[in-house]
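You will see two complexes here that share chain A, one where it goes with chain B and one where it goes with chain C.
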Partner chain A sequence: MFLWFAIFSTRSAGGDQNINGMGMNSYLAYALWAAFFARISANWAYEFRMSDEIESGSINSLLTKPMSFFEYYLFQLLGHKAVTTFFSLMIPLALSMALPWPMNLSRIPLAIILVFYYLVLVHLIAMCVTTTGFFINRTGSITVAKNLILWLLTGELVPLDIVPSPWKEYLLVLPFSSGVYYPVAYITGRIGHREMLTGFLSVTAGIIVVGSFMVFYWRQGLRKYVGTGA
Partner chain B sequence: MYAIETENISRVYKVYRKPEGLINSVRGFWKRDHYDKIALKPTSLKLEAGQIIGLVGSNGAGKTTLIKVLSGLITPSSGTAQVLGYTPWERDNAYLRQMSLLLGQKNQLWWDISPVDSFALLARIYDLDLFAARKRVMELAQKLQCEKVLETQLRRLSLGERMKMEIIGALLHEPKVLFLDEPTIGLDIIAQENIRDFLLSYVASRGPTILLTSHYMDDIAQLSKHLLLISQGEIVYQGNVQEFTGKAEQVKTLVVHYRTELAQDYSTPQGAVLKSGQREHRLQVKSQDLAETLTFITQLAEVHDLKIEETDFEDVVKKFLEKESRILSPGHRNASRIQT
Partner chain C sequence: MILEKLKLLKKYCGIYYSFFKASLIADLEYRANFAARIVTDVVWYFAQIMTFTVLFKYRPTIGGWNLQEMNVFLGILFVTDAFFMIILYDNLERFSDKIRKGDLDFLLVKPINSQFMVSFQKLAIAIFGNLLIGTAWLLWSFSKLPNPEPIRLLWLLILIPCSFGIVYSIRFMMSSVALIFTKTENTQFLFYQLYRLSMRPDSIYSIKVRYVLMSVFPFALIASVPARAVLFEANPMLFAWTVAVTIILIYLSTRFWNYCLKFYTSASS
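The block that comes next holds the complex of A and B.
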């Protein structure tokens, strides 16, 4: 937020008070909501727990039960995120209502639905990272590297619509923009319903692609698994 | 009908050999030295349903690998296996609902919640009727005398109490096949006895097939009818426990206590030495040589006390495995085995 303050205070001296057609309040609102959605759409804590199950061998008790490791952690993640969303939503909501920043209250539910849908994709990616634990001892560094990439691709850092072409088009078509950019831009009025549909479609494509790979990779991993620690 | 059938199942682990030091760690990124560790050599088994099968072997002999393969936890490198008619490593839910794996050194229940909550969760995982599951938990807890700790967080329970909870969890869905890997490890004698009694009465009343590994030979001797001895990844004996102790070399320990110290060293007809200057002597004697040895040692000096100790099951197994270990070492591959 302070960065946007600094940028706009410099620009106002030159006359034009908009960047890419949007004023300072729009960027401040984006920064606030981006911080909120970035935390909702991240699952690194669960990814570390899942990796630890394989590294320590505690996954043994799950693999020998009639249950799915994927679903077991997905629903823990969604349950945790539902509670987190409920409580942490109060902060950006209160600030947006108190300050003259652009916000469309009625758009919040659809934005949250998109982020929860995106969480399925994030969880599938986490499953792929976790599965790597069947082949190598530690996967923590992969998680950190992946988080850094997602940080750049989701739009948490800057609104993706100010990225120069053709990178902007590439980023907007990737499913990762549905983690932060699409929901925030939708709430703050930067995009409309049509773009949100793009977000849902790209996440669906991502789920199909990553999901297919994950199923194959998981099977390969289980063939390699040595039942660590038992 | 056989509950467990395997045909030449084997498991080879590829093990990374990492020399000491940072430079070798970095080098490991592009150049790795691996070797194959044969955890389980091609193994064929036919185990009948409704009995406790003792699986015995030294550390690293392949016991846990065999259990992991049969429970579906790991995939074998070769061979086929059928447990209750299913291929274990395909992890068909229908199979997983009928089996249970209890690893004594690992918690199967959830650490941070109470056992009753874990059991409720397990009841849902196994699609059990919740009321019936609660009733069964109480029934098992009464038999194991641990009703009082059902509502205490698992992490706050003693090792013995935790193991009882793990056993309840493993039996909640009434599995037809149960793999127990060291269920009494680390427990005191009373807790071990308690769990043994429970397992005996459970098998008598419900009739599951149990494959049991334990380092405590008392577990195997008291619980198992069928015995599998494994050494260096190879089953070296399978058959009845009583037949095994009968066929294996019978050795007794002869303890003789003289009134006075022996004046000189004596050697028995079998070559055992009784040293001068001591009153008590312990001799390992084969059953067939017992009479001759007794006659010999009672003539050496005035006997104050004489005891003949039976060699227990643990000693018999130990001797057998030691012998097998020598036979299975390189250069002795074609040595004969005890077969039933």
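The block that comes next holds the complex of A and C.
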């Protein structure tokens, strides 16, 4: 937010105070809601735990249970994120209502649904990274690298619509923009229902592609696994 | 007296060299993990550079700094951060785990300074590659300035160690709290939120916030002051203040560590 204040206190070379047709309040609202959604759409702790299960061998006890490893962690992740969403929502909601920043209250539920749908894709990617642990044992740094790349692609740093073409178009068509950009842009009025639909469709495509690969990769990984530390 | 101090220094240099060798062997055992650590920081550098590259498409200056100056600032930030990642990150990130699992006991009983042992036992060797990348970016962006004065880079020999000292002291004190409360994940989160304030030039903040960031939470001294030393006319008072704050914070970190140790009740045995 400090950065946006500094940017808007300087005039552009052409004298236009707005950026991409939007004023300072719009960018402040974006920064506020982006921080909230970035926290919801990232998966650090559960992915580290999943990797630890393979590295330490404690996955053995989970593999013998009448449920899949995927489901076991997916529902933990979604449950944790539901609680986080409930409590973290208070701050941006209160600030947005107190300040004259653009916000459409009725759009929040659909934005949250999109992020939770995106979390399924995030979990599938986390499963792929975790499965790599069957082959190379330690995957902690891969998790960090992958999460940083996702963070860059979601649009938390800057709204993706101000990124120069053709990068903007590439970023918007990728499913990762549904983690932060689409929900925040929807709430703050930068985009409409049609673009939100694009977000849902791109996440669906991502789930199909990553999900298919994950199933294949997981089976290969289990074949390779020798149950260390059991 | 001086001879004894030199012997002690030699002993600690020898121990640190042993830490280096042990870390190198441990890191090379997991090569994919080693490579991923380099990629991680490159992505982070890329994110920072891209953010400002995009923003400067819309404004000629931000907080009074133009794109070339901002790139030099980022170069200094990358170098400082690389030192932090190489020397401290692995040691302090899971410090509360060491307390919970009782591993700290084994460090405390060793016949060397416990603060040294806790802070410097593990080095992230992979990040040396990032230090090179950060330095290369700094030198490249410095060469792109309209009138670069290479002599000014000498200030960095004093100010970058100060930046490291400041980050170290604050991070170490925040980690030391784990000796009292055991679980301190939120303290870590707070540290990184404050550390993020150092990732922007101090001039983007309002006067009041800048005062706070130069004194109470001296995060503006980490990258902004070294960048000012390289880019603008030297401000000896500001540099002297940076050195003084570093010395005070390192002293406080030692005092605070000894204070927190009084609360430590072993978790193992």
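Keep in mind that, in the parts below, the second predicted complex is superposed on the first by the 226 of 230 C-alpha atoms of A that agree within 3 Å, B and C clash if a C-alpha of one lies under 4 Å from a C-alpha of the other, contacts with A are read in each partner's own complex, and residues count from 1 in each chain.
Assume contacts are C-beta pairs under 8 Å (C-beta built on N, C-alpha and C of every residue); 3 or more make two chains touch, one makes a residue touch a chain.
Fair warning: this is a prediction, and the values are worked out from it, not measured in the lab.
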Where does A:148 make contact in the superposed view: on chain B (first), on chain C (second), on both, or on neither? second
Give one of first, second, both or neither to describe whether A:19 is in contact with chain B, with chain C, with both, or with none. second
Between chain B (first) and chain C (second), which, if any, makes contact with A:63: first, second, both or neither? first
Looking at A:3 after the superposition, I want to know if it touches chain B, chain C, both of them or none. Which is it: first, second, both, neither? second
May I ask you to decide whether A:140 touches chain B, chain C, both, or neither, giving the answer as first, second, both or neither? second
Between chain B and chain C, whom does A:158 touch in the aligned arrangement: first, second, both, or neither? second
When both partners are placed on the shared chain, which of chain B and chain C touches more of chain A: C
May I ask you to decide whether A:106 touches chain B, chain C, both, or neither, giving the answer as first, second, both or neither? neither
In the complex with chain A, residue positions of chain B that touch it: 13, 64-65, 68, 71-75, 89, 91, 93, 96-97, 99-101, 103, 105-108, 122, 125-127, 181
Residue positions on chain A within touch of chain B in the complex are 57-58, 60-61, 63-67, 222-223, 225-227, 229-230
In the complex, chain C residues that touch chain A: 30, 32-34, 36-37, 39-40, 43-44, 46-47, 50-51, 54-55, 57-63, 126, 197, 200, 203-206, 209
Chain C-touching residues of chain A, taken from the complex the two chains share: 2-3, 5-7, 10-13, 19-20, 132, 136-142, 144-145, 148-149, 151-152, 157-158, 162-164
